[in-house]
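Some structures to go through are shown next.
Here come two complexes built around chain A, the first alongside chain B, the second alongside chain C.
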Partner chain A sequence: MELLQYFPDVLTPWHLAILSLGMIGGLLLGATPGLSPTLAVALLIPFTFNMEAAAALILLGAVYTGTVAGGAISAILLGIPGAPANIATTLDGHALAKRGRAAEALHYCFLSSFVGGLIGILVLIFFTPPLAEVALRFGPSHLFWVAILGVTVIGSLGSKSVLKGLLAGAIGLWLATIGYDPVLGEERFVYSDHLTGGINIIAALVGLFAIPQVLGMLEGAGSTGPTATYQLESHGLAASIAATLSRWQALAIGSVVGIFIGLIPGAGGQVAGLVAYDQARKLSPNRDSFGKGEPEGIIAAESANNAMVGPSLVPLLTLGVPGSPTAAVLLGGLLIHGLFPGPNLFTLHAEVTWTFIGSLLLGQVLMLLFGLYISRHSRLVMQVPAHYMAAAVTVLAVFGAYSVQNSLSDVIVMLTLGTGMYFAAKVGVSPAPVVLGIILGPIAEMNYTQGKLIAEVGEGMARYFLTGPLNITLIGLCLASVGYSLLAELRSARPRRAQA
Partner chain B sequence: MNTDRLTGFGALLLGIVLYSLAGDSEAYLFPRFIAVAIGLLGAVIAAATFSRVLLPTASTSGAGRAWLKSLPVLAVFIAYRWAMETFGFYSSAFAAFLIIVWLYAPEPLSYRTASKRIAISAVFTVAIFALFSLLLRVQTPRGMLL
Partner chain C sequence: MSGDNATTIVAAIIALVMTALPGPASAQEYPSRPIMLTVAYSPGGATDLQARIVSQPAADRDYFGRPMIIVNKPGAGGKVAWSWFASRAQKTGYEVAVYNLPHVLAQSIALNADYGLDTLEPIANFGADPAVLAVSRDSSIETVEDFIAHAKQNPGAVTISGAGLYVGHHIALLQLERAAEIDLTYVPYPGAVPALTSLIGGQVQASFNNLSDAYRSRDRLKILAVADLDRDAAFLPNVPTFLERGIDIDDSSVNFRGFMVPRGTPAEVTDVLAERLPAMFHDEGVLRRMREGGASMRIMGREEVQTLWQRHQAALEALLADLGE
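Moving on, here comes the complex of A and B:
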């Protein structure tokens, strides 16, 4: 087997050093609000110009894996997802951290990331050719339904009311329409120069999560003595491993969802964690404790995020079609080093390709080791006084938003959306559905418009969007998701009505 | 008026405003769909409060006027945004960090606490400079200072 033939190349001291450095750097960058995996990989590409191809790809792959896992650190400790992929982790991870169980939450996070990531890379190694064919079958109508499936989980994301969740999601979808129309190129709702480029997802993510956190921290700061807020409990690693493995259903749901969504070109790996979280909640006997620090929520979300990494590279390596925004940036890294994706990549450049895939496999082990080491020191972050933490998050949020496109407009958008979200949270609106709406809006609109154009010259709208096994399966999943959320809402409203 | 009812009517009004702002061209088809959805959801939320299907879920119960404590930091945000262009990214980051800490620190002001706050603000700014300017080579606008 070729992987075994080339795996010793990963173990050379230079490649091991690059891999370790990339992984540690990725974990730390991922934990910085605003520095998403896509941005981190993009920023590092210039550093790889003078490297040999294998070392460059090992570095970029390690940073990709590290930032995806590292984004969960700030999600859990601060309640601010490092990247859109970590939104679902915030819902239960931060709730568990606020109960003094930050180390335990990070254990679940890195253990499930390791399992999901390992499964995803094994899928990449063993099933690349057949999965590439599956990825090719997704056309605009299917991608439209994938986006709608994402929208259907909006209602139950962190909001105490399904209706308010859907409302927040709809506002997010509307925010995504600001700027240029993706097909006709017409300007929409651009009432200020700062909005010409539309709402950047990372700037919105940072603002919607970080600024309300800052303002919330400062509401309670300054009045009463010490500002370290959380009682911390220690938690053994062995107990965390046993607890993670005992929740095998959540691991399985997360891994399968991550693999499936990672494979779909352009669907955006950001939704993998959210869809897995939603499915795990619906199928769990502990569904009522989701959002209050339920370990299954963290396990499903993080295993999905990391299971998505390997499969998102399948269409990239075999067809040159990236499965996620970060994979798209990675494509640039491949091209810079003269590696053109396609079947020839595995024959003409077998040494580089298999060394890269081998490094991703070893990277999962390093991610687990470094991640668990970081978990031991999580108490340091949780004990920082609120006023220092709020000041640090404010400055990091500004720099994180600015560095996405080197644009002051993103900083202004970030601060404005964040302040608005702080007041919206006062009436029970949660930031997660708004961000998901901003992410899914362009995917839904672009594929709807493309599908409409195809349907008008061919089989007609109804036939194009509503027939075929893949369309019908996705529509069925959407209906089941909406139906379940409404039933759950009505069930939970019954005792509240009786009490009132 | 309870907060849910306020949210419902607010969303209904927002949907109407967004629909009226959307132009007639094909480019506004998707935004018009969304505006209708926002208005409908607002109407359903408002109607549900009359039938008591949806009870208050807002997180403000007991929080009252706690948001007033965040007004100084909102002023800092506005000043920070202006200072970034005028004085430069790093000097304004140092000032914003120090002012937020100063405004919200619970300890009484003394020579020792003041020195500590200034030192921590300076160390944090240097760390930010090392990460963004030296390591990631992000080009930040330069003002009068750094």
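Moving on, here comes the complex of A and C:
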């Protein structure tokens, strides 16, 4: 087993120091709204120019792992996801934190991140060659159906009613069309110069979640007092571990969904958490308490996010095909050190490659330890008075939106969308479906157009999009998802009417 | 090794602090403060990484004695950054941008973008990545002639991927269609790597892609021809050019990368840039890192690169005229 042969290389003091530093830095960067894993890894690459290849990859891998997990910290404590991947964590994590159980929520989050992350890395270690071939099978028609599967989640996501959820999702899909269309080369809905580049997903995410929070805090600020009038309960770690493990179904759903979505190139690991969350809710006996602080929701979402990391590297390392936007940036980091993905990576550069994979494994353990340490101090954040918190979040939001692409336009977009969202939230609309629409719109549209170009000169639209085992499986999943939502809606509508 | 890292980090911090300070009012020796280098693509992409490599020794006394600080302004395939750069960048020499050649001129012609030869002034070129035509390893097509014959038998039914509209791959496809009198279906992808993946995965029948990316995946591909004036001696010495095979495709689609300033930047400043940029590109560390990263260098001075732009402008105008209506 080559991993064991090279594992001692991870344990040299210099490599351990880099790994720990990268992990702590990653957790903190990830917790900052707007600093997504992709951006954090991208900004670090120049600093690795002068490092030896193994150290550089250890640092980048640690930051990737750390930022993905860290995004959950602000999702739970502030209700603002650190990155699109943590949207689902916000729904139950923040709800639980508002009931004074922030530390407990963070425990669930890091424990399930650890389990998911570990399973993901093990998949990377043991199944890389066969899975790389699976990843290549996904073409435009399949990615289109994956995006539609994401859309089926929209209606039931966090909003008070399915109708409002769908409306919010539709607004998100529309926002995604703004800007320059990559396939036809036309500009759409560009009413102002600020919109030439389209709506940046990170800027939108920060605005939609953070600004309503800030305005909400200021609403209550006249009455002073701490943000949290919540009673802070301390929670034993042993109890959290037992509680996490007893919800093994959510852990299993999250890990499996995360692994598959991570493998699919270009599907955007961002939706792994949401899809897993939705599946876990549909299959859970506690489905009615989802959205109100249900631990299963946190566990499914976070195990999926972190399970995605390992598999997203499978097609990257073997074929040079990244499975997530962050993996795409990591490709640049590999090339700069003369490491060309492919079979050679595991033979010619076995030492670097296996040291890197070993560091990812050890990184999961460090992530758990540092994460649990942070959980112990979460009460500090929860007790900050509202007006300080509002100011701090505003600064972070502006900084986060600006830093994505050094553009003031993104800040303007962020503030505009956020202000709109504040009023929409008053009538029971949730920001999660809007963001999901912005993420999925371009994936669905681009793959539909590409598929159409290919299908029309080949086998025809119907055959291309509707036949083949992979298409049929995905369509089946979409139908099951919609069918189940309808059934659940009907079932819950009856007692509601009876009450009225 | 660790000493180097510390130096880099300290240098970066000093550079950041210094950009925040106003420069001395009187124009001393240029440059008296760090230079901003705008990159039109996301951090981590090929253009960004190469820009970072070639600009790294800028702080060296032999070159500028001041660092170059990369600012990424991605969006709309480069339009966001270049449009901003042409209309709003300061004409002081402290704002320099990286261009990607067929893109910047082709967009200005085909999309009526508000930038182009009138508003941008190229100073020096550092890299060139030609487009290559590739098919899958399992394909029955062995040569360019096979490919053209196949396309003639199936007019419009041959799908071919590339990295988007009005980039080198698209230009090469248009040239091939015209030179060989065939009709192909172009499927644009959001980047070179996804476009190549679609070929390897069997979604499309062929791809015009970067020589560098195709070279890395050569085990899974058959690379039929290079769209350039000469063969690539370093990476693919056995792959012929289209010209060798009698197909009239010049270097209009080669992805040239270099530095430019907004037109109107004073001559005493552009003279300094024109003198020192090529020297910096020839730096030993730059050449070594670019080679390790699998990227081809093609260093050109000011006169040469300005002639190149003029020639490509004319060629692209002729090529894209048919599409203009």
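As a working rule, the second predicted complex is superposed on the first by the 495 of 500 C-alpha atoms of A that agree within 3 Å, B and C clash if a C-alpha of one lies under 4 Å from a C-alpha of the other, contacts with A are read in each partner's own complex, and residues count from 1 in each chain.
Keep in mind that, in the parts below, a residue touches a chain if its C-beta (ideal position, glycine included) is under 8 Å from a C-beta of that chain, and two chains touch if they have at least 3 such contacts.
Note that the coordinates shown come from a computational prediction; the quantities given were computed from them, not determined experimentally.
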After the chain A overlay, clash or fit between chain B and chain C?
fit
First, second, both or neither for A:189, with chain B first and chain C second
first
Which superposed partner A:364 touches (first chain B, second chain C, both, neither)
neither
For A:218 in the superposed arrangement: first (chain B), second (chain C), both or neither?
first
Given the superposition on chain A, what is the angle at the CA centre of chain A with arms to the CA centres of chain B and chain C, as a multiple of 10 degrees?
90
In the superposed arrangement, which partner chain does A:45 touch: chain B (first), chain C (second), both, or neither?
second
Looking at the overlay, what does A:164 touch: chain B (first), chain C (second), both, or neither?
first
Just to be sure I read the superposition right, which of the two partners does A:406 touch: chain B = first, chain C = second, or both, or neither?
both
With the two structures laid over each other on chain A, which partner does A:113 touch: chain B (first), chain C (second), both, or neither?
neither
Touching A:391, do we find chain B (first), chain C (second), both, or neither?
first
State the minimum pairwise Cα distance, in Å, between chain B and chain C in the overlaid complexes.
5
Overlap the chain B and chain C contact sets on chain A and report the shared residues.
43, 46, 183-184, 406
Contact set on chain B toward chain A in their complex:
3-4, 6-7, 11, 14, 18, 21-23, 25-28, 30-31, 34-35, 37-38, 41-42, 44-45, 48, 52-60, 63, 66-67, 69-70, 73-74, 76-77, 80-81, 84-85, 89, 93, 96-98, 100-101, 103-106, 120-121, 124-125, 128, 131-132, 136-141
Spell out the part of chain A that touches chain B in their complex, as residue ranges.
32, 43, 46, 159-161, 163-164, 166-167, 170-171, 173-174, 177, 181, 183-184, 186, 188-189, 214-215, 218-227, 385-388, 390-392, 394-396, 398-399, 402-403, 406, 408, 411-412, 415, 419, 422-423, 425-429, 444-445, 448-449, 493, 496-497, 500
Flag every residue of chain A that touches chain C in the complex, lowest number first.
14, 38-39, 41-43, 45-47, 49-52, 55, 136-140, 179-180, 182-185, 196-198, 200, 265-266, 319-322, 328-333, 335-338, 340-343, 405-407, 446, 450, 453-454, 456-458
Of all residues in chain C, which touch chain A in the complex?
1-2, 4-5, 8-9, 12, 42-46, 48-49, 52-53, 56, 70-77, 79-80, 83, 110-111, 156-159, 164-166, 185-190, 193-194, 197-198, 200-204, 213, 216-217, 219-220, 289, 292-294
